[in-house]
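Notes to accompany the following structure.
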Amino acid sequence: MNERDLGRIAAFTDGVMAVAITLLVLNMEVPRVRAGEDLGDALVDLLPSLGAYALAFALVGRFWLIHHNLFEKLVGFDAMLMTLNLAFLALIVLVPFSSELYDRYTARPLAAAVLGGTLGLAAFVNAVMTAHVLRRGFVHERHRAETDSGLTVGFGLTAVFLLSVPAAFLSVHIAEALWISTVVLRYPLRRLGGLTSSR
Amino acid sequence: MNERDLGRIAAFTDGVMAVAITLLVLNMEVPRVRAGEDLGDALVDLLPSLGAYALAFALVGRFWLIHHNLFEKLVGFDAMLMTLNLAFLALIVLVPFSSELYDRYTARPLAAAVLGGTLGLAAFVNAVMTAHVLRRGFVHERHRAETDSGLTVGFGLTAVFLLSVPAAFLSVHIAEALWISTVVLRYPLRRLGGLTSSR
Amino acid sequence: MNERDLGRIAAFTDGVMAVAITLLVLNMEVPRVRAGEDLGDALVDLLPSLGAYALAFALVGRFWLIHHNLFEKLVGFDAMLMTLNLAFLALIVLVPFSSELYDRYTARPLAAAVLGGTLGLAAFVNAVMTAHVLRRGFVHERHRAETDSGLTVGFGLTAVFLLSVPAAFLSVHIAEALWISTVVLRYPLRRLGGLTSSR
Amino acid sequence: MNERDLGRIAAFTDGVMAVAITLLVLNMEVPRVRAGEDLGDALVDLLPSLGAYALAFALVGRFWLIHHNLFEKLVGFDAMLMTLNLAFLALIVLVPFSSELYDRYTARPLAAAVLGGTLGLAAFVNAVMTAHVLRRGFVHERHRAETDSGLTVGFGLTAVFLLSVPAAFLSVHIAEALWISTVVLRYPLRRLGGLTSSR
């Protein structure tokens, strides 16, 4: 029963995240050039949008991996977990909006701050979800240590994303660097999580 | 056989609801500000839309939880259940439309009435679906009492949403308060359902 | 192995049909009325679009039910079935386009003919798919009679939809009546299928 | 455990590909004709877009079949496979964009080159994914020979799609012919793969 239930929660989550991650591409509008104009120039102008798409895709993909890693270890759930999961999804679905805002106003710190804040809140709700399942004993015994370290990673991610909000007002590039670090520094962060949890 | 069938009906339902809940974000359009204008003002103007998004997400999420709770208890189904389920989905898919209408014309009672009516019809079809599976014996014995109370909650939800239709013409804020109550008063309503069904 | 494979084909099909059925609502655009204008009039003007939405939703839902009924009986598949299934999906995904075309040009026979043709081709590919699995022995013995009658229903549906193409040039209302008949006459058609197959 | 995990990765992949394949239809906009104008002419003008839709649908469908064939043979996975899978999905989600670009600028070699490049990169990442699971021993023993030939087909597809990039500057029609060949020449290519791998 729990198995089928957990499967359906995961399936709904996957569905929402699959639609959200695909909507990211709608930010990239096919350029309209006239008969005499150069399509190449228009496509080169799209390269920053392509970069924003790739980064947002990687970030939502990262969240999906984190969610996947958490839910595969569960043996139970409660109403609070489902509410937290819905709040998490509501924030993930906002990413295409925040990402398009950021892509359109790359030079404005506020747009980067909104994207950083959206990502930070999503990471925070995810970390709370992890803490909740640990506290309620929904994680199988043999996965507790790993989930403990996942919790550390989760709060680490939250800190990095929330840090990118004020950082964006110093320089948008620092905020960007912080986001990219969460994607490329997966393994170092995980190792750090492992160290912290084994103390 | 029934297991796989029920699983596929649930999967299709999850898919439709996942797309519908994600479409809610399309109501929030990235603002277009000019070089000299303030992006902050434009984003503050979006806050009511963000509120409408959060409310609509919570309401569709609530419907998903109700549907999930019903279907996890089923041991059978018939053509009528599938027809009712499709009617339920057709109404859920209308929520992004009604929600955008409400968001664009917040001050007009008619827009709130349309959203209240859409939600009320969805709750009504869901309650009829619950009554149908109870009457046809598709609910496992040990879940009958719980499903009975779910039916009471279902008709309660229907009443609250339909009440919001005339209430919107008194004040849009009363209608809004009624919708929000269905999300935050989950536990009291469920308890009320439990009391009623145990009489 | 086959079980998991068939499950994944069904899941992908469900995903595509779930997105397609949800896109139907995008045809209904939230009206733009000015401060002094009446929102009620604008909503009344939307009623035909709401009707077209409900009809298209019922028709795609009907196709989903037919597909569901066929795939729950399968014990095997081949590359041809997957190709036919993709062709079927490509036609279903066209329904939101055809339905919007029909909704925008209700008075023009050609628009109704395009919708009728799309539905007819989808029904045809579905019937061919049914014939294929019967011929290749992919249907479990005890379900063969039922699938035989499903095949008759499938070709009946194809005939009705294709008949609506020329009928649209006589009167759009005849075409509409033919489409509606496929939704409301489910049980009579199925009985007819049963009669034919038991001869 | 692995079974459920692999199932969820496949489900998420199916979800993303289902949304991406459905977004292809958004390229076909319902024409706007005035009261006196001929709808037929406008629909005839849409035929190339319908062709582009059909081709793109067949190509994404082909990628889904290839992915499906690979994942049904897996008995394990690692973080690298999930990263590769996300990269593959990011490229598939770009296909609706590239396909719309190509459809709008059919006469321009650059647009065809972008579509060919997108398909080529997707095929390349898929081939790398195949090589990775073979090297890491994630493929069941009895499926190794078949997967080996799948790898050859994968690199063959990559070569054909990447070849279409320079070919587009000779003639867009050569590029088109190359794409179509990957759909219709499935069986010959597979046989070729079989020959190569058995040497």
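Letters are used for the chains, namely A, B, C and D, taken in the order the chains are written, and counting of residues starts over at 1 for each.
By definition in this document, a residue touches a chain if its C-beta (ideal position, glycine included) is under 8 Å from a C-beta of that chain, and two chains touch if they have at least 3 such contacts.
Owing to the predicted nature of the structure, the values given are computational and were not obtained by experimental measurement.
**Q** Tell me whether subunit A and subunit B, two copies of the same sequence, contact each other through the same residue numbers or different ones, using over half shared as the line for same.
**A** different
**Q** Could you work out the angle of the rotation that brings the CA atoms of subunit A onto the matching CA atoms of subunit D, rounded to the nearest 5 degrees?
**A** 90
**Q** Counting only Cα atoms for the centres, state how far subunit B is from subunit C in Å.
**A** Taking the mean C-alpha position of each chain, the two centres sit 26 Å apart.
**Q** State, to the nearest whole Å, the distance from the C-alpha centre of subunit A to the C-alpha centre of subunit C.
**A** Chain centroid spacing, subunit A to subunit C, equals 37 Å.
**Q** Among the residues of subunit D, which ones contact at least 2 other chains?
**A** If we look for residues of subunit D contacting two or more partner chains, we find 11, 15, 18-19.
**Q** Which residues, counting only subunit A, touch subunit D once they are in their complex?
**A** Against subunit D, the touching part of subunit A is residues 7, 10-11, 14-15, 17-19, 21-22, 24-25, 28, 30-33, 39-40, 43, 53-54, 57-58, 61, 64-65, 68, 71-72, 186.
**Q** List the residues on subunit A that touch subunit B in their complex, please.
**A** 1, 4-5, 8-9, 11-12, 15-16, 18-20, 23, 79, 82, 86, 89-90, 93-94, 96-97, 100-101, 104-105, 108, 110-111, 114
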